[in-house]
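Paired with subunit B in one complex and with subunit C in the other, subunit A is shared by the two complexes that follow.
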Partner chain A sequence: MSSPPADATIRNRTGPTMAWLRGQLRNIAPFATLLALAILFSVASPSFATFDNLANILQQVSVTGIIAVGLTFVILCAEIDLSVASLANATGIVLAFFTAQDASVNIANIPLPGVAAVVLAVLASLALGAVNAFGLTVIGIPSFIMTLAMLQIGAGICALLVRGQIAYNVPDFIATLGNGAIGPLPWIVVVAAVILLLGHVVLTYTRFGRYVYMVGGNREAAEYSGINVKLILAAVMLVSAVCSGIGGMLGVAHFGSAQQNEFDNYLLDSISAVVVGGTSLFGGQGGIGNTVVGLLVLGVLNNGLDHVRIDSFLKILIRGLILLLALIINVYAQRLRTREAAAG
Partner chain B sequence: MAALAGVDFTLAKGEIHGLVGENGAGKSTLMNIIAGVHPEYEGTMRINGAVVKFRSIRDSLAAGIGMVHQELSIVPELSVAENVLLGVQPTNRLGLIDWKAMYREAEAQLSRLGIRVDPRAPIGRLPLGLQQLVELARVLFSGARIVILDEPTSALSPPEVDVLFSLLRRVRDSGRSIIFISHFLDDILHVSDTITIFRNGRRIATAPARDIDKAWIIERMIGAGHRELEESYTGEIMLNSRPDAQVVLTAEGLAAIGAFRDVSLQVRAGEVLGIYGFLGSGQLELARALFGKLPIAAGTLRIDGRAARLRSTAAARRAGIAFVPESRRSMLFAQEPVYKNVSVSILDRISRLWVRPSAEREIARQHVGRLQIRPPRVERRLNTLSGGNQQKVALAKWLTHLPRVLVLSEPTRGMDVGAKDDVMTIVRSLRAQGIGVVVVSTEPETVLSLADRILVMKRGTITREFANEVVSKDRLLAAA
Partner chain C sequence: MVDISDVATPDRRGFVRTMTASMAAGLLGGFGINPAIAAEMAKETGRSEKPLKAAFSNAGLQATWCAQGKQAAEWWGKLFNVDVTWFDGELNATKQRSAIDSMASQKWDFVAIQAFGIGTLTAPVKKMIDAGVPVIDMDTLIAPLDSINVHSFLAPDNEFMGASVTQALVDAIGGKGVVTMTQGALGHTGAQGRARGFDSVVKKYPGIEVVDTTPGDWDVSKVSRLWETLLTKYPKIDAAYFHNDDMALAAYNVMKARGRTSILIGGCDAMPPALTAVADGRMHATVRNPSCRIHGGAILAGVAAVVSGEKTGDGQGMIPKNIITDGPVVTKANAPGMMWMENHYLI
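Our next item is the complex of A and B:
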């Protein structure tokens, strides 16, 4: 069989703009989603695009936002923390446990001055985070499983401390931060904004933040660069636990009560916020900026669906579909990048 | 900037077509277009006269094109057998994977390449050279009519290369066509029927291999005036060690399970110690162990006379050891800009709490200039650099750090002749600064051109030392 030779005349034409756009897919897609949703709801409902409602939306995503800051660190390292909501709940309950409650609340609590209660609550969240860190780095349990166990442990602590009751009191200044407002602006939004900003600064401008990206981008290379990978992983688990703790304390104040299973929705919400925002589940790509956009997408979606007449059962499905779409984009964006890398 | 410009390339049926050119000349880019990795290009491509346009790798596979990429595309978590038969696993009547048949088949294919590995072992644990062979097996036995090999021998030692070449000839004689990219010009001349030379995204020349020689190629690759480029790689070399210099690293009776045992050696300040051995002799693992990446089962290690226990790579770095592994993938951050890759190992020296990108960029710029990394833009994302230029970035990373001992595993892997020269210059300058350099390689030329003293390893132990004597490639190979 004699065949003519294969022959090719080839010139490369990878349009630079197209290439750039593709590289930015994970940043552009969430932003476009946010815009589209905002426009959609504004058109569909006159009560959506008002200043009051904007304040509502921000308030609704604040607790999720605080929790999501720590989770962003963890996911950037290509790990996961499934215990965030549970730790938030436990920390909130520990805070209430060390605060004087009304006589009608029948739990064996130990009233302490407000500052002491807050310190103890933060220490509690740190301690639980340290257990996560120990399991992940020293014993070597995958974070997925380790934090799943911690989710249970946190729930157990909640159950033991409140024994099915509801505690209503938290220290005054926490109550203000969680529920008060300066002028039109709720305090909790200010706190969330400050913590998000802090997270952004740490991730972008500090050495620790750089290491977080490096460990997530290529763990083996980080190790070969002499970075103490285990230390970084332990640190992000602690950061995550403390953020959850703060979110939990403010959340309890915001809701006006501390009880079991109060934060159950926050696990999925905070993970969604990070992933919808475009931070890579494979680590190393994304950041707090993405998380902020993700939070707003979720906030606008949840709030907007309340403003339009939709079967409330359908809402759950719609949220699920949006999350699925975000996951698809997330993985697809990753694949585009890996393919470019393989071409080397 | 176009990576290729007006390239005509013709591959005949039943030929081995060698492709050479400097780092960044556009070799991989052209091959990636042919294999459907880059669907966007200008121009036309014809196979057997029929115009084809590949939108994806799947399209090119369907057209009978198989490619071994420069950066391996194995799946580290899967077993050797699964990687060999990726996508074509044998199935039983129920449509389930027939594991027994799969292991048998994989073992048979690998043995035709002259290697014996457990087909059940996860491939990520094997040394890079073996991974390379597994990937070669996958493509060569896939039945592809056009086989593209992008630097397939960069991590192989001479025996594997010989087996591979005889296999390539058989593949060619069966009427299939092979494109073979390599920076080893001797290999290219030895195995190719036709040779094409690339430079700056253009095809410079194509000629039958028997009509040309190494000097002719180098002249077209780099330009005239690169005289003694080859001399340093061949012929006899006089080794001069420095018995008077201070010892910086001492190992006594080192052992790592399944890799090497009873290794004792000394590295002196301002000396380059070469460790040579075939693939699987344990020298690559030894390099890892010296950097705390592989647990040491027995023996002691002393740095500057002080006992050192390297429980982690961070500990090794603190103890003053630096390491460049043979695989770029495990060394570099593909998604990050060049300057962050260069600065990562010295961040703690140039910043305490806050990072200082301007300082990092400045340092990176110096090293990019010194190593002639192209393009010389430190803001560029690393994975937009050509393979060889990425390798240079990996080296640049440790030049900022100036450790006591620098361990280089296959330091010239994937580099063009000019770049290899640059590496030599750099290693010499490090030596002059009193650093103890350990060069570990499966490639005789690398060790011969760099080392002041050479240890040869075989099946996990040191079998021979060359010091203060004349050595040549033949003598080195004989000892290994």
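Our next item is the complex of A and C:
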């Protein structure tokens, strides 16, 4: 690493524009990646750049988007929630468990009115989130371990409720949100957009949002400033659990079935969306805007690879390499920022 | 899309003639015959001159059965002038749903899908069916057949497969002894059928004691852990039936490490490693789940639908809604022949 005076010399030599660009690298790089991918796939496949496919991409990232909102809060606090996908799956299964199923579905479920099923499912996600919050803030278990245990608990709840079977029905209201559309716009995209917007407003314009950034940016300083850090951490774990629960309910409706391990890939997808978008894994930097860009990068990448003729076995590797590139940029941007700060 | 009005009228015999000539044209092309002559032959037989575009997806190419199916589809596709594009399900229901959503936003002459999760692909598949694309369902139900109008469903009889291998095992141990069944994922219709087949046989033999039916969930590491426990718990096990060969071979490694190779092993799928294991005596028997026949059959069904306008139904010149694609039980006697047929994508 070069010394701060050397950095200052470089900054003076390259001018304020370059210094600003370096400072914004975390935000610019994901956007540039998104643009490059969109152009690349548009040129490579005539079926990619169509309105139909745009709706497709938005629909494909909606469940991830809802889950990623809660995860953004957690990661901004420099914590992690590995249970998001498991909680989403468990909540979706709880919802189906309390919904009347066809006679062919061999599950000993308890059919209730739709509203009651939704309320119970949301309460279940809140309760599981509360266990995460309790473990993290009261017992003092690191979030990585606590949520790893919750991942198992969620999977266990799924297994116990459906016992290897598949449930298909969810309340009509949720089925409409998961699978219906207002004209050409799928409801699930609207719900995801509203939750993303809500997350952005809370993080940007409320005291709670500022506390989240402060806790993630410098926890000691936040504590000395009188912020109840444990309360904020508990709150973000609850926000994450509820977002996962909503994502799970809509996901089950969207995919048309509730079954074990259905949401497994959403853990990596949602973490990738948050981090690829530019939110720092070390906390305090980023936000919902970054998550939106990250979601679109992942959505365009996954969707675009399905539109070009490419070896199926190569697709997974390409996806991994692009994600690695985005992460390298993320870490590099963090390092540049630290160096700039040290240089004064 | 191919204009069906430009091609021959639907007729099973005509279609077989078309296919035979097409295969010949393809093969002759491979031997250096002038493409113009091949095209002329194709025209004569009513075969589409331009390549057909087909989209395929199966549960996940990580699974050897699916990877073999892909090779078979591509091989048969080349013979029948079908350009196959693959959408990998990655052994994940939601990832496959995204892939099928992308598939549904493009144009295809026909589509063939093996669903990883039943019920998760219904919406995009219906969209393609509504757009007039023949959708062939392979191996696992996309949705119950009365709820979705697929062109045809090509699948093995899992109950038969489970019963036939269990019968081979029971015969080998003389109709009495301690037996286990290591199941696949309980939600999988294939695993459910194989379990029913197993039960239907063992219940006929009062001397058979089934001591364990724990699911291995198709997961070889889970099966290894499970079998370490089973071998400790049960000092005597005479035969073990597994819902697929991968799990059977994983358990064999544990048995070998514990010196318990006297346990007779039955598997399912008859993939090449299992055929070798049957041939050298590590496994007693397996049963062919004909990946090549299912995937290759999907190519044939799709081409017939597009080129000859073959419709779904039970009448003459139609394709049945449900086609059972059974394979035989494989023992030491027929393992080499099965290997040859698989190498040539025939079963």
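Basically, the second predicted complex is superposed on the first by the 329 of 344 C-alpha atoms of A that agree within 3 Å, B and C clash if a C-alpha of one lies under 4 Å from a C-alpha of the other, contacts with A are read in each partner's own complex, and residues count from 1 in each chain.
To be clear about the criterion, contacts are C-beta pairs under 8 Å (C-beta built on N, C-alpha and C of every residue); 3 or more make two chains touch, one makes a residue touch a chain.
Please read these numbers as outputs of a predicted model, since none were measured by experiment.
Of the two partner chains, subunit B is the only one touched by A:206; subunit C is not. Look at A:214: by the touch rule set out above, it reaches subunit B but stays clear of subunit C. In the superposition on chain A, contact is made by A:266 with subunit C only, not with subunit B. In the superposition on chain A, A:230 makes contact with subunit B only, while subunit C stays out of contact range. By the touch criterion defined above, A:24 reaches neither subunit B nor subunit C. Once the two complexes are overlaid on the shared chain, A:152 sits clear of subunit B and of subunit C alike. Subunit A is touched at more residues by one of its partners, and among subunit B and subunit C that partner is B.
Touched by subunit B in one complex and by subunit C in the other is not one residue of subunit A. By the touch criterion stated above, subunit A contacts subunit C in their complex at residues 47, 50, 52-53, 56, 59-60, 63, 104, 162-166, 168, 179, 251, 255-257, 259-260, 262-266, 302-303, 306-307, 309, 312-313, 315-316.
By the touch rule above, subunit A contacts subunit B in their complex via residues 1-15, 18, 23, 205-207, 209-211, 213-214, 217-218, 220-231, 284-285, 337, 339-344. Residue ranges on subunit C touching subunit A, taken from their complex, read 61, 70, 85-88, 90, 92-95, 97-99, 101-103, 105-107, 117-123, 143-144, 185-187, 215.
Subunit B contributes residues 2-13, 26, 28-30, 32-34, 37-38, 40-49, 69-71, 73, 146, 175, 177, 201, 291, 293, 312-314, 316-318, 322-323, 325, 328-336, 340, 344-345, 347-348, 351-355, 381, 383-387, 390, 397 to its touches with subunit A in the complex.
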